[in-house]
Amino acid sequence: MPLLDILPQLIVNGLIAGSIYALAASGFSLIYYVVKFQYFSHGAIMSIGAYLFFTFMNLMGLNYILAGILTVIGCVIATLLSNWLLYLPLRKRKATPAIILIASIVLLIFSSSLMLAFFGSSTKAISLAKHNKTFDFGIFTITLVQTAIIVSALILFLFLWIILKKTKLGKSMRALADNKDVAQVVGINPEKIYNYTFIIAAVLGAFGGILLGLEQNLYPRMGVPIIIKGFISSVVGGLGSVPGSIIGGLFIGLAENVGVLYLPTGYKDVISFSVLLLFLLFRPQGILGVKMRNV
Amino acid sequence: MYEYLIAVFAYIFIYIILVVSLNLAFGFTGLVNLGHMAFFGVGAYASALLTLHGIPWYIALPASGLIAGSFGAVIAAITVRLKGDYFQIVALGLAFIAIAVSRNWISLTRGALGLPGIPDIIKNNFYYMLFLFAVALLSVVFLYWLTNSETGKIFQAIRDDETAAAVLGKNTYLYKVLSITISTFFAGIAGSLFAHYISFIDPTIFDLEFFVIILAMLIVGGLASISGSILGVTVISLLLSAISFVFTNISPELIGAMRQMLLMLILLLILIYRPRGMFGKVDV
Amino acid sequence: MKKTILAILTLFILIMSACQVQQQAQQPTGGEVKPAQAQGTYKIGVMYPLTGDGAAYGLPIQRTTKIAIDEINAQGGVNGRKLEVIYEDSKCNPKDGNAAAQKLVNLDKVKVIIGGVCSGETLGAAPITEAAKVVLISPSATNPDITNAGDFVFRLAPSDAFAGVVASNYAFNDLKAKKAAVISETTDYAQGLRKVFKENFAKLGGEIVADETFNPEDTDFRTQVTKAKASNPDVIYLVPQTVPKGILLVKQVKEAGVTKQLLTPEVLLGRNTIAENAADLEGLIGVEQKFDDKAPKAAAVLGKYKQQANEEAPFPFYMSAAYDAVYLVSDAIAKNGYDGEKIRDYLYAVDGYEGAGGKVTIDGKGDVVMDFSVKQVKSGELVILK
């Protein structure tokens, strides 16, 4: 069987992985764009989302809509707590972005131990995943969950775009991102907008976590690898550009899966990091360059 | 008891070399090198591979510093032109690349199987600890001298205002490359000493957690302060040892998680209350 | 600032010199310094990965270890003394394994350590325990390098060197396979098997046509499977590290329409695993230690685990081996006393001990001697092929 026959399947695999990366990258990128630091604890919020959904579905037996709503609420609370208890004090003390980055990684590790203490070390599967079905299109196969991942990612990105482009909140966020001092002069309260930004990121994180949990399984450190991919995606897409981070996520997903056509598959990670390195060296502004960076 | 203290101090001396050298790039020159651990790992692997192929340690030790330093020089030559956050991101990306390579370049690193049987430099732990102390002392003295020299002043001028330093006719690009090269050279030395101490290394040397702890040592001590770094290493190392004395009577499956949560909580509190550390002089 | 540095460094030297003086003062008296037994307990060190990715193996194994300890203590302990366990988190890496052993050996003064679970932490701890003449007994480390890690290092899990040879011999001689594909996880256990399988298969005259790997954090192996399938092998050797990974891998292999014979190590041969995933695992050929999780002793331990943890035992063999390790150690202490060298001597003499993990015999290098059997899954049951 020639290698090219497997290309359609690899592209589909890449799109599935890419949608999940894009969900992680969009939250990371949104915070970087507005609040100006590298938000690694977004991975923690995604794992909390997955575990909350697991708790509501498997342990409490709620239906999936109610479980989803409660998960979003839980993630919003967790995110706001992290802002108020950690990031706000750090901003007040004028900590540099490097320090805030380190704090967010520490929080990520903290949350993985928290999940370990509450849920134990074994991998868990969300019960909804049992109703999964496989569709065979001949040249490639895709499952119901995977279709749902791609579709819900698209819907979320549409909402995100509407908020950023079409609402007053989005306008304030952009103003704040462009120049904090000027924004304050025209009467924008940065902390208030930051709170809203964290809430939007929390919603993205909650859905990202649920979908990640459905596609893969749940384990305490699940937030770490996904946010590293989210980080790479948002850099490749254009740091601080939310649409760029989504494109970056899909790009990395495709590059990893199609790239191993001729390379040993263990090098998937090496591929994504090499893409990162190449971009940083030759196009540090990412795929969506300066022109689109005000979004 | 004394054997345990020897081990604690051996680690402290290795980490002092690692953290003080990181401070040279991060604190003194303003280059937020979040990939410092990658060079520590390169040094460890280089020294392990060299000695396992029969090269004596007194050649392997400086060689591993030179190998890590050359890597640092090449990478710095390409990346220090990047502005602000971008350098930081390449450096962080580098740390992630290192783990992928060490896991997958099996013909060289044996992948996840790791490299066992790395020979001791000095068999007796006490004398090895003294040797580590000597190397750490030499490194600290050299870096102290460097940061107070003319070159060190230029490093700090670049950190404070690169444009001004360039206007004064200094080739800031070369100085930045030099700073990273020296810094990564010492990271390689620290890696080599570490590999010979525990005699077995595998890709977990690049773990995120280890890396966060090393960064915490630097931050707790404070940027651009050598005595701060030494104190930061000591405080965090003692904290790491102390943490295994708490939670001994709780349900066994919770011991690990509780200890790690406590450690991370302490680090967060330190970051919140002293984001500039104990002796921090500058913000980077 | 110079003063601060000098002051700190001088302090270090002073402390270290004091230690050295103490060390020399103790040496002439020679002999064994009586370990602290004030409360009339025997201290047992246990170092497992309790956090991080390795906790997935560490915590279940820790629970069967505790089951054995509790049983022994409930029956009055050893020689009238209770076993006191000190747990350390070795995090599946050599650095923390080394630090854990330092603390257990030099501070807690234990004479025997059960652990580590991963090979990396075991190899990091071995130099410390070896120098202090403390027994280190691992229930689950399979890296072939551990065989030569030291005189005081034991393990109750067979080295990958054996299982990989059995699998490749069976593939070449019995399945008449000339071309093999390997899909393995980049963990020490899986890489050990992969290495031995590849080397031996090539030595026999076979050809490795695809050699794909995936990382522990991956859950999507479709690309690896697609590539292995495209290389048109006679047999595919699947080497996952854990049961959930393995099930996922086999599922994705079957979803991709692969009809070639699949071969795996013992990970997927747990009786409960097979019963629950009968359809997915149908036809799979596996190589495992002569271990039966339905045998009375194993069933009792694993049943207790299920009762406590509310889940099926994820690693039946290793969890049983940890249970056996506690009993072997307590028997050694009961018979020979609480002393590293004497416990070591006892362990080298273990021959045909009936444990939960099967018949345990330890060879001259501290490795467990185990027979392997080749089995095939047929309608939810294991059928012995060889």
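Chains here go by letter, A, B and C, matching the order in which they are written, and residues are numbered from 1 within each.
Going forward, contacts are C-beta pairs under 8 Å (C-beta built on N, C-alpha and C of every residue); 3 or more make two chains touch, one makes a residue touch a chain.
If you're wondering where the values come from, they're calculated on a predicted model, not measured in any experiment.
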Neighbouring chains common to subunit A and subunit C, by label: B
Chain pair bearing the highest count of C-beta contacts: B-C
Chain of greatest Cα-centre distance to subunit A: C
Inter-centroid spacing, subunit C versus subunit A (mean Cα positions, whole Å): 35
Averaged-CA centre spacing for the pair subunit B and subunit A, given as whole angstrom: 30
Distance between chain centroids, defined by C-alpha means - subunit B, subunit C (Å): 31
Junction residues of subunit C, two or more chains touched: 51-52, 55, 58-59, 186, 213, 215
Residues of subunit A whose C-beta touches two or more other chains: 113, 116, 120, 224, 264, 266, 269
Per-residue multi-chain contacts in subunit B, two or more chains: 100, 103-104, 209, 253, 256-257, 260
Subunit A residues touching subunit B - in the complex, by the definition given at the top: 38, 86, 89-90, 93-99, 101-103, 105-107, 109-110, 113-114, 116-117, 120, 224, 228, 231-232, 235, 239, 264, 266-267, 269-270, 273-274, 276-277, 280-281, 284
In the complex with subunit C, residue positions of subunit B that touch it: 1-9, 11, 100, 103-104, 106, 110-114, 116-117, 125-126, 129-130, 133, 137, 140, 144, 194, 197-202, 204-205, 207, 209-210, 225-227, 230-231, 234, 240-241, 244, 248, 252-253, 255-257, 259-260
Subunit C residues within the subunit B interface of the complex: 1-2, 4-5, 8-9, 12-13, 15-16, 19-20, 22-23, 49-52, 55, 58-59, 62-63, 66, 85-89, 91-95, 98-100, 102-103, 105-107, 119-120, 123-124, 126-127, 131-132, 143, 145, 148-149, 186-188, 190-192, 195, 213, 215
Complex interface listing, subunit C residues touching subunit A: 51-53, 55-56, 58-60, 186, 211-215, 217-220, 222-224, 226-227, 229-230, 232, 242, 244, 248, 255-256, 309, 311, 314
Subunit C contact footprint on subunit A (complex, rising order): 1-3, 5-6, 9-10, 13, 16-17, 112-113, 116, 120-123, 134, 141, 215-217, 219-221, 224-225, 257, 260-261, 264-266, 268-269
